[in-house]
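First subunit A sits with subunit B, and in the next complex the same chain sits with subunit C.
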Partner chain A sequence: MLNQTAANVVGSQGQENHEQSHPRFLAHHFHSSEQQFDSGKLGMWLFLITEVMFFSGLFCAYAVYRSTHPEIFIYAHQFLDANLGATNTIVLLCSSLTMALAVRSAQTSQQKMLVVYLTLTLIFAAVFLSIKYVEYSHKWHAGLLWAGDFHPVAGHEHAHDGDGQDAGKTTVMPRDVGVFFSIYYALTGLHGIHILGGMGAIIWILIRAVRGDFNAEYYAPVDFVGLYWHLVDLIWIFLFPLLYLIH
Partner chain B sequence: MSVLQMETESAAVNERPSAENYLNCSHGFWSWAATRDHKRIAIMYLISVLGAFLLGGIFAILIRMELWTPQRTIMDHDTYNHTFTLHGAVMTFLFIIPSIPAAWGNFVLPVMLGAKDVAFPKMNLASYYLWVGGALFLLAAIVLGGLDTGWTFYTPYSTTTNSSVITASIGVFILGFSSIFTGLNFIVTMHTMRPVWMTWFRMPLFLWSLYATSIIQVLATPVLGITLTLLVAERALGIGIFDPKLGGDPVLFQHFFWFYSHPAVYIMILPAMGIISEIISVFSRKPIFGYRFVAYSSIAIALLGFLVWGHHMFTSGQSRISAIVFSALTFSVSIPSGIKVFNWLATMYRGSIILTTPMCYALSFIFLFTIGGLTGLFLGALATDIHLHDTYFVVAHFHYVMMGGTLVSFIAGLFYWWPKMTGRMYSEFWGRLGCFGVFAAFNLTFFPQFILGARGMPRRYYNYPPEFQLYHQISTVGAFLLGASLFVAAFTLIHSLFRGRKAPANPWGAASLEWQTSSPPPLHNFESDPCAGDPYDLDSQIYDPDLSGYRFRVESERLHSTNDSAI
Partner chain C sequence: MHKSTVTPITAHANHEHIPSIRSLVATFAILIVLTVVTLYGSTLSLGSAEIWFSMGIASVKAVLVALFFMHLKHDKPFNVLIVVFSLAFAAIFIGLTMVDANAYQTEINTYVESELK
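The block that comes next holds the complex of A and B.
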């Protein structure tokens, strides 16, 4: 089968689509919409892997300091408001639900619902960032910044004691508490930047959804942005207990 | 078929390159700057990384000139620190890491797959511009106060020095994204764009090596990204994660850095090994020996490469048990590397070896890489590493693997695919002469450094005891000869652009798909779909004097005519 006459021809993948009209969003170098979709999906998953590796460096730093300086984490977590953190967790979970419903709407060509769900997702994301802003600004005023600028203001120290039992108890501040806040700001800050990036992506597909680009035949961008959004949500699911719920 | 007919047909085949191809199908600045054609992007990458190589080479020559005498020769010690740092940073981040994947991978990968382009052409172009952006930041660091940390950016020095670490870090961060985009693109392309008949084990081995490389690029590079982000935050804000004054741990930086940078040396060497697998087989006129072993060994190297980073830190205070474990794991990497070298040798055994320029470079690679690999064993063993760490022995080992390995293989690929890329043949005489010069001058430059290191000359030192001067001077002479030889190679190729004869579609008789299309290929790579076949079935090709190149052997020309052979 190796000679010229008996040559196999490569292009058998492309047969099914040649007689039909060329799909609107099919790039020239793909044989079929399925091939394009599979490529995009695999590419998106690989991108998500790079995101996981990106955050894993910080999780690793967290693990190292948590194991070498557990007292810092036990002392410092009381400055984080578990109620606000829990609210934000619920907000992000809701946004993941609306995002999933948006993908479903795109797959079933329900354009109006797609627009509604994407808008809802955007609103949830904005609520998340607003709550995060409240938390950040409170810490800013209390002087609870990263290690280099860690100057806690007296009187703010017991503001957010979760269960109320330890409220009156004065604990001696261990050394190097600032490192906890460094890790806190690095993790939540990076996560916040990813939320912002996700909002940008959602706005982009929202514009395209309003324009009517998506339907049951072509919904890949909605799907891929959805995957990204779920990953950002998932990272927060890990951040919340690791930072807010330390005992 | 009459002779006349043959002539007109072959003339037609020879005419095709001067007809429409990817180089002349469109003109003007934007037809290049905004192109999504992987072949044009590959050429832009090729020129850019060669520019970076020239820059890094100038820094190298300056270092060698300064070391001519034990005291000051041409520059003061601060400038010297800047020079070796920039040599390292430019060569690693701007040249070696992108060199083979971004230039040769981009050019060859889709053609070897019989595809029109990579899966994400826009991302491919973006990857190039990210490289340019990263390079600009790195060059800006030179202007804005230089960089004197060494290419490794070790804390706490990198957080206290007043050179422009932040600018350089941002540059390397951006270059990391460029590398991730390339790797991601390649993995997806190999998964989804292969023709149906091309199973994983019918892919050329260069693609296997690129696949392994891409895995590392996707998995390891983000860790460098977060490490440099933290380094920038450390310098700008003082987050204290790496700063012992604020309760941080500088050794953690080394762990983070080497978690990327050790796998990164496999980003550098794996595609080089892939090129060698192609060339050794083609110019021994024999199928590659132990195809599956060579293919799997690439993946094995990629995965084992993630487990050995601690061998850069044997003396930095990690625990004894982790040093022992890292040392043991380090030796395990030599198994797949050994598999490759033995399979190349077995491929050549009883082959009909043709000493073309690419083959000469490939043979140099095997020799130099083997020396580099074997001297690595001294560094992987804990007891000897205590004596040898941070000496010129490490410098020589690294250069034997990275320059004798990756660079030589890069040039081998340059001479191998040059006819395909440009449509011109070069002078074999000058090509081989350049290769001999590179090989001899390389050994002259770096072999004395093994002796220097074994006798205790530390790396990165500005002054040295007078008894080392002879070795340093031999090394410096070698460096100049090496530079001259590389210029011989460069002029051979540049000369071919103007005076070289037209390249046939298949000048080497290789059986992988890129040789089935014209030289240079048309915009969409193939006029008609390429024929299925085993990439190492070199018997399928026969030399045709009318084409002055190879073509498919028809059945009657087969020596051992068996229908079910090969694939």
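The block that comes next holds the complex of A and C.
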């Protein structure tokens, strides 16, 4: 009420100043844009460490089973196609680059380039999931499922054993190979869900970018979605050698 | 080219570091090279050193992504501290669980073998 009266007294000139000093996306409970940005960034990092702890539970399962049953991992890795895994690693690295460039475009108010880079990031994410789909469907048909539903179909067992090096030493299937696939599906599945979630977040950012919401003064959502996207990439950087490159 | 919508960087409100395109592309190039090195390393017979080799490279890649793509190099020290602490606790979590699980392995193996007979 008091503010309203003050504004009325100051008149239209004061109103304009007020508009200028109050950025469009500054929430009322923040003192300044900088405080809002720093608070958001701190919150994002706290969220990201909960993600690290979340995934570390699954990495822990991997570490425990690999240290106690190395033979399962050595036997099971031949069912994974390292070429597809490497391709996906590169696709995800490309998406990380385009995301970093998108954040930079937002920071420098290049709104058209922001839209271009976000679209490219989405495309790379879709390529990643398509390759993942090819891998999953192959395993599904080959009966390579989690422990309990692990019934490998004869003839598919050495599908990826192209070099023939391992064929001799791994003819006898060790017990509990399904455990490897339980860990494989939990890790890659959770990672895939994170890619899907990230795509949703990027679409939200993309819609706002097309609307012209972001510029050098306000780009926090782009920055934070970028941080999330890089973390998802980081997790894959560890998943790739752990799952695909076992010897 | 970008009309008047371009705000001068001096008026930049958040005082955030803006990375150069060159540094981002260079980071990307190193990441790709390291991926190829990991792939090549997996064809060598490194034995038990293999896991440390591939995890070492993955860690270097992770640090590169964090420092340059996630701007951690120019971020507030407190945010860096949060990340370092989370990794330290993840290491304690995984390390101690492995020590614990390995402690019972001989008993588990004896039990499994007696069940199989």
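We adopt the following convention: the second predicted complex is superposed on the first by the 219 of 247 C-alpha atoms of A that agree within 3 Å, B and C clash if a C-alpha of one lies under 4 Å from a C-alpha of the other, contacts with A are read in each partner's own complex, and residues count from 1 in each chain.
Just so we're on the same page, contacts are C-beta pairs under 8 Å (C-beta built on N, C-alpha and C of every residue); 3 or more make two chains touch, one makes a residue touch a chain.
Predicted, not measured: the structure shown is a model, and the values here were computed from it.
> For A:Leu42, decide between first (touching subunit B), second (touching subunit C), both and neither.
A:Leu42 sits against subunit B and subunit C alike.
> Scan A:Ser56 for contacts with subunit B and subunit C and give back first, second, both or neither.
A:Ser56 sits against subunit B and subunit C alike.
> For A:Arg211, is the partner it touches subunit B (first), subunit C (second), both, or none of the two (neither)?
neither
> State whether A:Arg24 touches subunit B only (first), subunit C only (second), both chains, or neither.
Once the two structures are laid over each other on A, A:Arg24 reaches no partner at all.
> Under the stated touch criterion, which partner chain does A:Val64 make contact with: subunit B (first), subunit C (second), both, or neither?
In the superposed model, A:Val64 contacts both subunit B and subunit C.
> Who does A:Arg104 touch here: subunit B (first), subunit C (second), both, or neither?
A:Arg104 contacts subunit C only, not subunit B.
> Taking the superposition on A as described, I'd like to know which of subunit B and subunit C A:His151 touches: first, second, both or neither.
In the superposition, A:His151 touches no partner, neither subunit B nor subunit C.
> Given the touch rule stated above, what does A:Ser33 touch, subunit B (first), subunit C (second), both, or neither?
The second partner, subunit C, only.
> Do subunit B and subunit C touch any of the same residues on subunit A, and if so, which?
Subunit A residues touching both partners: 38, 42, 46, 49, 53, 56-57, 60, 64, 68.
> Looking at the complex, which residues from subunit B come into contact with subunit A?
Listed in rising order, the residues are 114-117, 119-121, 123, 180, 184-185, 187-189, 191-193, 195-197, 218-223, 225-227, 229-230, 233, 237-241, 243, 246-249, 252, 256, 524, 529-534, 537, 540, 552-555, 558, 563, 565-567.
> Over in the complex, which subunit A residues touch subunit B? Could you list them?
1-5, 7-13, 27-29, 35, 38-39, 42-43, 46-47, 49-51, 53-58, 60-61, 64-65, 68-69, 72, 146-149, 175-176, 178-179, 182-183, 185-186, 190
> Could you please specify the touching residues of subunit A with respect to subunit C in the complex?
For subunit A paired with subunit C, touching residues are 23, 32-34, 37-38, 41-42, 45-46, 48-49, 52-53, 56-57, 59-60, 63-64, 67-68, 82, 86, 89-90, 93-94, 96-97, 99-101, 104, 107-112, 215-220, 223, 226-227, 230-231, 233-234, 237-238, 240-242, 245, 247.
> Across the complex, what residues on subunit C touch subunit A?
Interface residues on the subunit C side: 2, 5-7, 9, 11-16, 18-19, 21, 24-25, 27-28, 31-32, 35, 38-39, 41-42, 45-46, 50, 54-55, 57-58, 61-62, 65-66, 68-70, 75-76, 78-79, 82-83, 85-87, 89-90, 93-94, 97-98, 101-102, 105, 108.
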